[in-house]
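Here's the structure we're looking at; comments come further down.
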Amino acid sequence: MELSVFQDYGPMLLRGFGVTIFCWLAGTVLGMLLGLLVALAQRYGPRPLRWLLQVYIEVIRGTPFLVQLFVLYYGGPLIGLRLDALPAGLLGLTVYGSPYFAEIFRSGFNAVPIGQIEAARAIGMAEPSIVRRILLPLGLVSALPALVNFSIILTKETVILSIITVPELMYQVQRMSTETFRYLEANLVLALFFWGLVETISRAGRRLETRITRHLIERV
Amino acid sequence: MFSTQTFFDSFGPLFWAARYTLLVSGLGIALGLVIGALVCAAALSRVRALRRFAALWVSFLRGVPLLVQLLLMYYLLPVIGINVPAIAAAVITVGICASAYISEIWRGAIGALPPGQSEAAAAIGMAPRDIWTRIVLPQAVVMSLPALVNELILLVKASSLVSVVGILEVTRASQAQAATTFRPLEVYLAAACIYLLINLCLAGLGRYLEHRMAV
Amino acid sequence: MVQASAVEIRNLDKFYGPFQALKQIDLTIPPGKVTCLIGPSGSGKSTLLRCINFLEEYDAGEVRIDDQLIGYDGPGRKMSARKLRQMRRSIGMVFQQFNLWPHMTALENVAEGLIRVRGLGKADAATRAAEALRKVGLEDKMQNHPARLSGGQQQRVAIARAIAMEPRLMLFDEPTSALDPELVGEVLQVMKTLAGEGMTMAVVTHEMGFAAHVADQVAFMEAGELVAVDSPDAILHNPSDPRISDFLRTYHERNAF
Amino acid sequence: DLLEDVKAAGKVVTATDMHYAPFDMLNNGTYEGMTKDLFDEVSKELGVEPVYQDIPWPAELPGLEVGKFDIIIAPVTITPERQERYAFGLPIADATVGLVRAAASDAVSKPEDIAGKTVGVQQGTAQFKQLEAYGESLGGVTIKEYGTTDEAYADLAAGRLDAVAGSFPNLAYLVKNRGETFALTEPATFGEPKYFAWAMRKDDNSASFVAAVNEAILKMHDDGRMTQIQEKWLGAAPDLPREVPAN
Amino acid sequence: MVQASAVEIRNLDKFYGPFQALKQIDLTIPPGKVTCLIGPSGSGKSTLLRCINFLEEYDAGEVRIDDQLIGYDGPGRKMSARKLRQMRRSIGMVFQQFNLWPHMTALENVAEGLIRVRGLGKADAATRAAEALRKVGLEDKMQNHPARLSGGQQQRVAIARAIAMEPRLMLFDEPTSALDPELVGEVLQVMKTLAGEGMTMAVVTHEMGFAAHVADQVAFMEAGELVAVDSPDAILHNPSDPRISDFLRTYHERNAF
């Protein structure tokens, strides 16, 4: 173990970590929004749209992120879509995450007892209000752990952005290890940074969870 | 520009490699579901030590990248004198890693079940194991099916990481193919088709179960 | 004072798969009056109530509220969601299973509709909601979430939620099943006032005394059929159908003490 | 002693990244390439069976260090930094850095033309170092680093790069396969000659094993097998030094 | 014939946070007898019932079933889960909200406990379960899931689930709230038979007639306190406490017709 490498590479690694966090955050938030839209369109949209979205979900979800990114970045120019690495990465991450988020939202919605939605319909609440006030808060109860789960998985998918030269943490770590042969240190950095990030996310998730389930311990 | 020839030629070797993808992800999923249920039970148990253990398990396995876990299992265990064959190391690592995610998904679904139902079971003196397998899990599994299928599909794709321990699965084979043909786009698309095929089966199975078990 | 609604039900059929839950129901619920639905368990009372506000899609026949068909624009053509919503705004419902929203306090449960549907401001809505909860004797549990309320308290929140909306037609599905006798008296009082203010009510109940006291007409159902509709006196004291007399006999037997 | 252990076991465990044509490739799941032909012969000389494993490049050097295998037969460019940490065998191929450009464009036709342009290269390779130095001498080149050369080639085809630097044999093989898309510059290489060799552990335990491997390579030089294999895969046999170069 | 259980409750306190739901409850439920709990909504009846089978952990005092403390081995020492389970096997409970298992049919709901707890074979359990469902008049709905049952049908499944287990002590939380008069009569008959077969029963109810007919003793609760325990006759006709007479007056008023 030689800590001196961090003197030379520390700033670069930190910058890489910054890029990783940025990509993750933007990709997760945008992906979640897109996923929510997809889930809602699947619930309320007309049949042909639902069918189309089903295809979208299965294709995006069923293929590896690496391939999607590769096709988007290296294949895009063939059809005139020329994006820079970072925008391509963010677009890729958003699209990649959306079907997963959509399915998680769907399963959350399914867990909401129909009676509670009927109660809202019966007083004439508009469907958007029902979604915002009843479906989402109650659906989140069961969906939250899965949402946190997938957000955590997305942190790790960000390393794939290195194949399109987004200078995130993995890119920098690889650079350090190939230049210095400090594999142990490099893996350690990777593990530590990711553990830190993941711990932060899961803690935030747990806190949110206790907040929203606080009142739900049902009794007889 | 796009070489359909390369695209179609790639399927042969990729199908060959898909055996390992199927083997590792299939066994990994099975292992993950079983361990996941146990970990979830521990996380919800009354015993503080079990809850702690489950929290640690989840936090470690979600926190450390699967790649690192594989390397630990394969390269570090031998240092302390335990030698595992590559395929076993891959299956075990993938299964253990999946259990962390699966247990969290189930925990969420179980949290949404009205507690009155387990109370009703407890009130007639049903054992925790029975309450778990007969009342709680069946409902939680159905409720969480979409999220679970999500996870399993991710697992199939994540199984590509096992190539670091020298197993030739689809992704690795496609990389090799790309390096000889110098046509990565075509080859990766072929690989994507194979993943899509496997994952469509999973998704279809999920939808079928969801449909069948819906009450 | 608002105008109470009139409900006309004609030849209503409802199937659950092969099972026919409602058979050719013909019923008029006159405006500003209380109609009680009684009958054995599983006879289709809840189903009928749910067809009136179209929570349950009926298979044949018509339900008209103030001459307006609910759920359909014409034969086979579903009504737009917007129009259905508009119609439902003047219909209140208290569910047999309460269906409270577990993530909201008692007060929020009642205020929600006032804010979202009536467009009241938060403060206004809270005031009106608190008033409705006071009417059902829950002033000291307003901040409790449903999980922290007893069965009867939950039922009263459900009632408050419905009456706070001041609908022109109110559908009650066993509004007093979890209430003790004293509270039933109070709720009954509230309902009488509402009726006096020009609200039409359809009430499913198992309590004959309740029906006798508040109903203007009583409908008796059995096995998906409407056996008789008449004044409470006629149904409860001079039943024309033997099914009704059988039903009432056991009631008298067990309530005398 | 590693040599004795290997002989006693009757097999030598190797690692290589099987996607670096024409050295290491998987053809329908079967391993082939110049490295394999060479090492088959070396194993014969050692009198043991070779065990070939496909290990991704990032895992190779760490794996070697913890003893997961005896030798890395993937072509590793000899550099002074690496020599401090690993023992290299005799050169097995030319690794001089070269340039490839898009066939459709002649913006870059000779190495000097890359001045002021964007050039891709695999991260952390010896070729990267040389490109960097060469770029400085030309007064500035924008260098983009990639995880593998495949991605750099893909980006060259996508038009984001003007050229890609890599080891000459790999570039030559690329152009042979996809001549319609890629072309070599004229001349193809720049900088000082570099060589590929096999990496082994640098400890007393391995010393005799390294010596035995080198002895086998020398023998192949002498009896013409080396030239024959080089010609088979590269089309020509470069002059390879008969001792490990200092850099 | 099994031996019915006796329950002794001494100085029982139960808090929900700062709110005291039970205040120093002292009550003996004699073996083989029916004890009815009556009182206003929110007075703590369900809570008391839930303390008896330790679904609710009590904060002070004791609950003894056949002289055996439930939930604790001694002061402050929780009972092992195994032992608690053992004790609960002889206690049945019908919940105010039914708590049916939605993923099982009516038949499966009833058979489940017989298979898992009583160790019966599948076929035996199904026979016994069908019999229990027949007793409550549900032979034609055995294959329905709870979501496809009416309120009263659900309640009857809950009752069948409890009686099929043949417990020595049965806790009923408003077992007839969703039932029509005829069915109440039938259920009452079933319960009388059970009592005759040596089962102890504690029944929360709002129906005084029910209490008058089946109870051996009646306990009246208010605001977490046990106001009086006496024979049905004494409580219902000669109440010693004005709170009880008030409570009963409204009942008579509204049930007379």
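By written order: A, B, C, D and E. Residues from 1 in each chain.
Basically, contacts are C-beta pairs under 8 Å (C-beta built on N, C-alpha and C of every residue); 3 or more make two chains touch, one makes a residue touch a chain.
All figures in this text were calculated on a predicted structure; none of them were measured in a lab.
*Asks:* Contact counts by the stated rule: is the higher one at A-D or A-B?
*Replies:* Of A-D and A-B, more C-beta pairs in contact link A-B.
*Asks:* In terms of CA centroid distance, which chain is the most far removed from subunit C?
*Replies:* So the chain farthest away from subunit C turns out to be D.
*Asks:* Compared with subunit E, which chain's mean CA position is the farthest off?
*Replies:* Farthest from subunit E by mean C-alpha position: D.
*Asks:* How many angstrom lie between the CA centroids of subunit B and subunit C, rounded to a whole number?
*Replies:* 49
*Asks:* Which integer distance in Å separates the CA centroid of subunit A from that of subunit C?
*Replies:* 45
*Asks:* Compute the distance, rounded to whole Å, between the mean C-alpha positions of subunit B and subunit D.
*Replies:* That gives a centre separation of 37 Å.
*Asks:* Any chance you could list the residues of subunit C touching two or more other chains?
*Replies:* Only 97, 148, 151 qualify.
*Asks:* At which residue positions does subunit D touch at least two other chains?
*Replies:* Residues 58, 62, 151, 154 of subunit D each touch two or more of the other chains.
*Asks:* Touching at least two other chains at once: which residues of subunit B meet that condition?
*Replies:* In subunit B, residues 71, 114, 116, 119, 184-185 touch at least two other chains, as defined above.
*Asks:* Taking the complex as given, what residues does subunit C use to touch subunit E?
*Replies:* 16, 38-42, 45-47, 96-97, 141, 148-153, 156, 173-174, 177-185, 188, 206-213, 232, 236, 246-248, 250-251, 253-257
*Asks:* Taking the complex as given, what residues does subunit A use to touch subunit B?
*Replies:* Subunit A reaches subunit B through residues 58-59, 61-68, 70-71, 74-75, 78, 100, 103-104, 106-107, 110-111, 141-146, 148-150, 152-153, 156, 159, 187, 190-191, 194-195, 198-199, 202, 209, 213, 217-220.
*Asks:* Flag every residue of subunit D that touches subunit B in the complex, lowest number first.
*Replies:* 15, 18-21, 25-29, 53-56, 58-59, 62-63, 66-68, 148, 150-151, 153-154, 174, 177-178, 182
*Asks:* How about subunit A: which of its residues touch subunit C in the complex?
*Replies:* 113, 115-116, 118-127, 129, 133-134, 137-138, 141, 212, 215-220
*Asks:* Report the residues of subunit A in contact with subunit D in the complex, numbered from low to high.
*Replies:* 70, 73-78, 82, 162-165, 171, 174-175, 177-179, 181, 183-184
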